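Shared between the two complexes below is subunit A, which pairs with subunit B and subunit C, respectively.
Up next, the complex of A and B:
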């Protein structure tokens, strides 16, 4: 678990706004963003890239036994989301009254993730909602 | 490169070892191993130690020096290897390389984890560090959660059922019941698994390996001098390792571990054997789905065919392929840093013909398969009787 707010702040662009990056050498898009392109190595030329936040469920699970920071949230649904731009990312699927299914379309929403135990800071994060 | 042999093995009983701390467990397994190898403390040239998260579990880092100290190996080099749940297999490979290269003769490799001093949620958090901290653990994705995501996809692609998953646990408890070192000695039924508490759908408590205390130690030597110490040295015929993305969702497939496939292909090539030559295998069944993925990725079954084969009993003791005769991580227990070395201990016992009630008849060639995280590390060893 992240105990310091700085580590969450460093990920602000990606976690709040779904900004990843794209390698201008080979045009591969990455979310989460990374420094070195898997295809291009030292010829990497990364630029920021705004993801749409839309995608579909590739796999999902409902977690009943949580880690420490998520004790109050359990049970919660986690999905592997295949973003429409290509990359896959894990994220919460929020309760919208619909049952998640593999292949179902989702869009990104902005939600509270957890409250930091020691500093009481609320951490926010993208989550996904069934369309 | 020199041929390398295992000349000594030592194992503690796995389970909730309330009376014993990390150092007592290491000493218990270590003394057994050096006694079995018939060596003195002064013969040992280097120690490789493995623990995944001793700092998180008992507040103790610097574990390899402690192992050397507790066993009375005075002032020799000691190195800790951490590769999540594959720490043990990775340490064994480092020991193998030290002997194979000619750098050292007698090498001790020991793994330990003392996990029961913390609460379940603290242990869950510590183990979560084997995945991607920034994008998985930070979102509350637990370790069972990662394997649940793989299981769900495997069910979707291949029609794998919860009953088939459960049959892995039933088989491994059946084997563990015959293993005096195992944490669980009681056979269970498919219904027991299906009715147990849900951890991360579709995985229940009985689909998951337990939280365990335990240690395992092996002694390695060049094969050419191994017989001086032991009548039945076991040759390490291949040692292979591969890695993959730390994050699960960055992979092309959720239904195979590419690191396992690559490590296995290299191991088969280096040992000059094929899957059908293997008589007994210890695979990394941290969750029931993991054993299904493992025996597919190791080449024993086509993708999508293993779950039914396990359900039909093809991987029981002394059937088509004996898988996890120790009880695996599920039945024998999973003290994380010890697991990869325990697998080598079990295969050594099998190839020596010392596995008693769970002996695989005529076992000549064995394999171990140790996975770190959700598949970011895989280590495969192939072992043979040396005589």
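Up next, the complex of A and C:
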């Protein structure tokens, strides 16, 4: 559970909008964003890059025994999503009236991820929904 | 005058039927369905709230409008279920749609009419050239006390409208707007209270009917229009019955209100209700047609609008996610216990 508001705030662009970055030297796209390109090292020239939020399910699993933070959401689905632009990331796949399948197309949606108790911050984050 | 440049809506996929709620409280479902003219209502997912609904609607509105969100100079979110008591929903939306920071933003609350109050505020700002575009959102995950009549109707959903003054971009022009407001204790929720209270029958005549009727008649006087001049009429819809009654009293026919009446299938989305009704009508309206919109918020007040559809509406339809697509696609029916869990109604200590 994330209690520090500053660390959450620094990640809003990535968490709300799937903004990663691209190395202009080799055109490799990264999400989440990296400071140094793994291909270019010192020659890294990073720029902000807006991901489309679309991709397909590479793999998934249904969580029945969750951590405390996600207890009320269980059972829920976590997937490895291959984004249209290349990177593979992990993300929640929301219930959308359709069973997830490997290869199924998904798009990002905006949802609550967790809440810090009754009085703390609410963390919002992208999740994925089957198209 | 100011007009609508784009719009978008969001309604959660979850639904609960009247029969499922009636079963728990030993009510007669047929009597409820007939009395309220409602068959089922939308329910937010456990990870949805007024902010997530507002963001989804706002993103669709930006896509539909074709504008750069960075040019939005005002953003208002109307709701009576803002996730925070102190910390704006509007700033969460602005971050999520990337408006940039040269922006005025605020959360509004006026029961079910805070969304249309936002439209009026944006219209004033764009007409006075203080901003290029304003976004007004009505979004709610409304609360109904278990076993109360409101439990059958209180639902979740929202609509976002982008308002601009450049006529070449407008899909519909706001010809005139007016409001009727009075201090009326028909419905309220105190700070920290989990559920609203209401004055039973008092919510009808002195509240809903009086304010909608007076605001609409004011609009008729200001514009010279009469009911038959409008192709469509949208009234706030706390249930499926009130808008039918008030529309008849004002001289409208059923064919004018049927396309904007969504409560029978999604429930009362509170601040989202009038916005969703207007969006459903814009989805099918043709250029030069006229729409009357009169919202209602308990406490109490009504905002009335005369809107004329413009040629641009057909050009922008390709980017539109229609209300019917959202409310009819892959609905997920849930039982009462899941409904309670999703609404935070199960206390563990």
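The rule is simple: the second predicted complex is superposed on the first by the 129 of 131 C-alpha atoms of A that agree within 3 Å, B and C clash if a C-alpha of one lies under 4 Å from a C-alpha of the other, contacts with A are read in each partner's own complex, and residues count from 1 in each chain.
The rule we apply is simple: contacts are C-beta pairs under 8 Å (C-beta built on N, C-alpha and C of every residue); 3 or more make two chains touch, one makes a residue touch a chain.
Only a predicted model underlies this, so the values are computations on that prediction, with no experimental measurement involved.
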Room on subunit A for both subunit B and subunit C (clash or fit): fit
Contacts of A:11 with subunit B and subunit C, given as first, second, both or neither: first
Touching partner for A:62 - first (subunit B), second (subunit C), both, neither: first
Which superposed partner A:111 touches (first subunit B, second subunit C, both, neither): second
Subunit B versus subunit C as contact partner of A:80, first or second or both or neither: first
Between subunit B and subunit C, more extensive residue contact with subunit A: B
First, second, both or neither for A:97, with subunit B first and subunit C second: second
Touching partner for A:72 - first (subunit B), second (subunit C), both, neither: second
Which superposed partner A:88 touches (first subunit B, second subunit C, both, neither): first
Partner chain(s) touched by A:32 [first = subunit B, second = subunit C, both, neither]: first
Shortest span in Å between Cα atoms of subunit B and of subunit C, once chain A is used as the common reference: 12
Residues of subunit A contacting subunit B in one complex and subunit C in the other: 73, 113
Residues of subunit A that touch subunit C when the two form their complex: 12, 16-17, 72-73, 94-98, 109-113, 122, 124, 127
Touching residues (chain side subunit A, partner subunit B) in the complex: 1-2, 11, 32, 58-71, 73, 76, 78, 80-81, 87-92, 102, 113-114, 125
Footprint of subunit A on subunit B - complex, ascending: 120-122, 124-125, 128, 134-142, 144-145, 148-153, 156, 197-203, 247-250, 254
Residues of subunit C defined as touching subunit A within the complex: 13, 45-49, 51-52, 55-56, 59, 83-84, 92, 95-96, 98, 330-332, 341
